[in-house]
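Two complexes come next, and they have one chain in common, subunit A, joined by subunit B in the first and subunit C in the second.
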Partner chain A sequence: MIAFDYRAPRSLDETLAILQEYGDEARVIAGGTALVTMMRQRLAQPACVVSVRGVAGLGRIEATNGSIRIGALVTHREAECSPLIQERLPVLAETFRRVGTIRIRHMATVGGALAHADPNQDPPVTLMALDAGVEVQRAGGGRELPVAEFFRDYYESALEPGELVTAVTVPLLPAATGASYVKFLPRTADDYATVAVAATVTLEPDGEHCREARIALGSVATTPLRERAAEALLSGARLGERLLKAAGSAAKTAVDPLDDHRGSAAYKREMTAVMVERALTQAWAEARRAARASG
Partner chain B sequence: MIRLTVNGQAHELDVPSYRTLLDCLRYDLGLTGSKEGCGVGVCGACTVLLDGKMISSCIALAVFADGREVTTVEGLAEDERLHPVQQAFMDAGGFQCGICTPGQVVAAKALLDAIPHPSEAEIKEWMLGNLCRCTGYYKIVESIQAAAGQARA
Partner chain C sequence: MAHRIVGQRFGRLDGADKVTGAARYSADVTLPGMVWGKALRSPLPHARIVRVDASRARALPGVLAVLTAADVPDLLVGRRMFDMPLLARDRVRFVGEKVAVVAALDPDVAEEALAFIEVEYDELPAVFDPADAIQPGAPLVHENPGAYHGAPAERPHANVQSVLRFKLGDVDAGFREADRVFEHTFRTQLAHHGYIEPHAGVIALDEDERVQVWASNKMPYRLKELLSHALELPPARIRVNLTPIGGDFGGKGSLMDLPLAYHLARVTRRPVKMVMRYTEELMAGNPRHPSVVTMRTGVTKDGRIVARRATALYNSGAYAAFKPAPSVNLGGTSMGAGVYRIPHLLLEGFCVYTNTIPCGHARSPGEPQMLFAEESHMDMIAKELGLDPVELRRRNLLRDGDALANGHHLEHVRATETLDAALAASDWAKPKPRGVGRGVAMGHRHIGVGFTNAQVRLETKGTVTLTIGLPDTGTGAHLVLRQVVAEVLGLSIDEVQIELATTDLFETDSGVGGSRVTHTGGRAAFHAAEKLKEQIHAEATKLGTPDASFATIAQAAAREGRTLEAVHFYDAKSHAAVTSFTAQVAEVAVDPATGQVTVLRFTTAHDVGTIINPLGHQGQIEGGLIQGLGFALMEELQTAEGRISTLSLGDFKLPTIRDIPPLTTVIVEDAVGPGPFRAKAIGEGSISPVAPAIANAVADACGVRIVDLPITAEKVYFALQDRKGRS
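Up next is the complex of A and B:
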């Protein structure tokens, strides 16, 4: 690793002032799983590393107004094991559980995973399907943007120099809605996905038509993708196996995967169709269960 | 200057910002039990506990341990008495070449601290990130099951 200035502010204001001062010379570190690995491989050589590990107030998980707000410093393991998330958004707890290993989940943070903007990660896919929002702060202001608009390219997010991810806000599921996350792993259980899909399905009161569906894809493009064309096929339609298969076929035309040791691009495209269909089938079943449970 | 406690002993160290926790343990403190395998947090040979939670010390900065407590494989035995996990790995043959063993043992200790009587599935999920290239994993799982029994007695 190349030497760097190390700053460890204790407050958010101090952090934002340092980030403003260093601009694009600074990189934020939280869990370190992404940045230290990249620095060790000389893929990142920041002049200044700003640790937010000691910043107060960024580590809470709280229920707010129809949503769960997860502070940027919450670790993947804390999110996975949070009784609040397990109870209200089990698909999200399950998604965090699918990331790497427990050791990595003890280190990697929710905010860090977003800022790293690696299209192979699990949580952004589910957060996108759940229509979560990312809270971003900079000296003198803040903004919130949908996760679906947060990713720009490989390892590139909408964050400007001086900005910090401070939380992610995840809406709870509406009534008669099911959600799922499926991850195709042909190699090892701690690997990145070959294809990952998160989906939600909301039923109309008749229990047979789809009011709304959301589909997000991971590991098949330069960013996680929201697949709106496939969603549109489902919206308002009567649900059935053939329709879910058609949605899968639509999704495979939207992806642009790379050939790598997790599969060829052609294979990943085919698997996108399969996994979208599986994710929708599972979300649909969950939606029917939710509809029955609420009578 | 960082202050950290390693295996119950307090240290004050002047470390450069880019020092990994693993290198700090091995080269500044001479605790060479923790190994560097992959160097990117995948293999588990560098597993240590930071405030009781297992982490990859090869991708943690030493400064992360400032004000905190680190446990390495050297800190498991009490006096001359091996930790039940260490004894069980010996009795049940949970290792061959030994390079992954410090990480396996530290991870297994953390498991039994969190879940004293884990199921086989819980053992496999917990130990997923500790790779062994000699034995396969049956003996490792058996060692942990034996240690859990020993801790029960």
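Up next is the complex of A and C:
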């Protein structure tokens, strides 16, 4: 037997106390879709497994001023099916829908998807493009940091020992804004992305110029990436097919993918250009629709 | 002929138990005092074992035994060619070869103990590619393979396990008759079967020292023989108990861990269970051989094939032990002739030793490899000749009386009808949008042969019990056998029970495999039921009540201390003069920006015999087709320097239901099979033409010819870029 302590606290305070006690010897389990696999493969051998499934208060989806706050224990399936998210941030509901299979989505949690810091996951990419913030608690305090600063390296997040992701806060889209998530799955429908891109495009009142664009990439580096050079090309520019293609080409030079079973690094780089262009094209079309609807 | 039960759609009667978890597979067998075995595997592709020190592992609490080569008999095991040691002795020949084995109170301790076994290796030069392996001076995987028991005599190079050759006419003369000669080379990948159940087995020694075996093995009687040899025990000391099998696809016929489980049981005096992790399956199961196939064909100006030479190099890995055919080769090599009449033919398959995972049989062994090459080659020839690919096929299709590559003459050839059926159902001639292509491919598959015992017994309640020594590997074969008995005896399906015999009951049985079960098991059950029917009639006549119910008859016999029962041993030694043709059409879209291939629809037409259970029959067609689709598009054990890197089902991808395009099946029924009620076989008919149909469709859609499987988006993309760069 590979023995480990197992704790199942009922409150956040109790959880944080346990995490403080065990420090980096503890691993949090919620849905278990990532940790169980890692433990089976002996990539993780925690001294203590802290199940947070019974912790009260971390499973809510709520509208706050200008944002949607999603508790860490909300499952992917709940996020995908939430009327609030479907109505106000359909791109996020769609992103959760693209994760794995329905069996995985019923177990995997929003907080877990962030804390796992796997660069191949879908939700972090969209959350990054939406400029979401991660709420983190530890015994005696908390902090909030942008998703863009949350990922440090391959399977490594900014979480310190003793800290727990408790929620993610996602700002609603500004007026005249469209968003998209493109997951490139050339092999099978049930896979991690070969390349994933989330994009937002906000139009100026003239409906032709781009006020702001945000681009986030998944599966092309050791962490999800914000692609600011390509964003800068679009900001203030008059949008057109050629410009979106140029943004795709710019993104291609920013990525540093690995060769793996989902494609060679060279292919992923080429596909980054194609998928960024496609994501921007979709987001732009959405933005025009949004502008027309409000105008 | 109208039937009552044969031809009816029956859902799987064992399905509920399987989906609810009630079915007891080998891995579920739990015995009092049972302990777990785990194997330590080589991290190196080729090395001398300098030293093994298991003392620290032996000292670990909960560890009952650690065995190395020094602790087990120095003998070699196999199915036909005996070249594999129980544990690596002096030398390891592939990454994943077993070096030591541990028995412990629970599986975690057993696994933990593996880390405490110290093995010192001295690495040797290794060879991974079959073409490299047959060069002069290549590292030798085995010093003297010719000396192994069961080794075929012909050995052009010490790294060649076996050569399989099919010849018709005079191929050199044939090429001299040709106006044009075409040659192309193709490659197929290493692919695991992807069954859900990994290899599992339990071995227990009972009080009178008999060896009790529960194993995911499709050939219980053959397993008994092989174990008798491997354990150096008389067959009577071994009993194999049948369990349901969670998928076979050709992979569940070897000894795998069973001899080691036996030695652990012998040493610990406890029952021992060994269950392979899926990672172990992917690194050391017995997957489908990768191949390099060169096709050379001579044709006349009007598109008649006059000569063909096909050469397949199969990368067989470090041992031949998993291959079950007497040739120690892949029968699918004969498929180099496709479904065509070719007067001058030479087909050769070379199984080559390398320092990689030993390969074995997988659903229609060798055929998906050869047909991918053959049917792609046909389209490439058609293109060169400026002929429609269908027309080139039509001009060369087999006809009644033609010989197959093995010299077997065919009757009732339905190749043209099957092709026509597929073309009509796929809208072959209809216009296609830009970026969409259609591809056709054909194949055929024999009806398997072998031998099976069936026993039927009339129960006093009037029902009949069919006892059989064939496990159901997940195909629904047992349901088919029950239908056959119910049909003969005029019973409902529920009135026929099936009982699994242990290997104590019958003398022998060829087991499951090679598209044989409906034929051999079905005929054994049919004739046994006919015999019982005669007994029942005789009994009724004796009673003077010809209309007496089965229950009355059985009870009357029971009162006299008799049971009405009959056994039939059916032995089909040679193949029937009929085969089953398949014609398939893939329709695909290719995204020029990414190379992504989307299969839009797929049509498969089959020339079949009487269908016993249409539902199970369709399941076999669709299952094979989906397996073919996985082989065509995604399934690949990726390797570098003999190391497999796709070591989980997260990386070795199988198609999921969302990857399956709309499927259309056309049945061309012509009841001339050798099976019961003139049935043919279906289990291996649909898999092989899928990959070439898709490759041909991709070429039609975007002009790019992919000659190595799987057809990934990346290969198509770079081929498109390449072509753009050249033009």
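One rule holds for everything that comes next: the second predicted complex is superposed on the first by the 294 of 295 C-alpha atoms of A that agree within 3 Å, B and C clash if a C-alpha of one lies under 4 Å from a C-alpha of the other, contacts with A are read in each partner's own complex, and residues count from 1 in each chain.
Everything that follows uses one rule, which is that a contact is a pair of C-beta atoms (placed from the backbone, for glycine too) under 8 Å apart; a residue touches a chain by one contact, two chains touch by 3 or more.
Note that the coordinates shown come from a computational prediction; the quantities given were computed from them, not determined experimentally.
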Under the superposition described at the top, does placing subunit B and subunit C together on subunit A give a clash or a fit? clash
Which partner chains sit in contact with A:M107 here, subunit B, subunit C, both or neither? Use first/second/both/neither. first
What is the contact status of A:S157 with respect to subunit B (first) and subunit C (second): first, second, both, or neither? neither
Applying the document's definition of touch, where does A:S67 land relative to subunit B and subunit C: first, second, both, or neither? neither
Which of subunit B and subunit C A:V36 touches, first, second, both or neither: first
Please indicate which partner A:I2 is in contact with in the superposed arrangement: first for subunit B, second for subunit C, both, or neither. both
Which partner does A:S180 reach: the first (subunit B), the second (subunit C), both, or neither? neither
Chain touching more of subunit A, residue-wise (subunit B, subunit C): B
Taking the superposition on A as described, I'd like to know which of subunit B and subunit C A:S264 touches: first, second, both or neither. second
Under the stated touch criterion, which partner chain does A:T126 make contact with: subunit B (first), subunit C (second), both, or neither? neither
In the overlaid three-chain picture, which partner chain does A:T272 touch, first (subunit B) or second (subunit C), both, or neither? neither
Out of 6-14, 42-50, 60-68 or 96-104, where does subunit B collide with subunit C after the chain A superposition? 96-104
Shared contact residues on subunit A for subunit B and subunit C? 1-2, 41, 101, 189-190
Complex contact set, residues of subunit A against subunit B: 1-6, 8, 29, 32-33, 36-37, 39-41, 49, 51, 53, 77, 100-104, 106-107, 189-190
Touch list for subunit C against partner subunit A, complex: 106, 108-109, 112, 593-596, 633-634, 636, 638, 645-646, 648, 651-656, 658-659, 712-714, 717-718
Complex contact set, residues of subunit A against subunit C: 1-2, 41, 101, 184, 186-191, 194, 260-261, 263-264, 267, 270-271, 274
Residue numbers on subunit B that touch subunit A, as the complex places them: 16-18, 20, 39-42, 44, 47, 50, 53-56, 59-61, 63-64, 66, 107, 125-126, 128-129
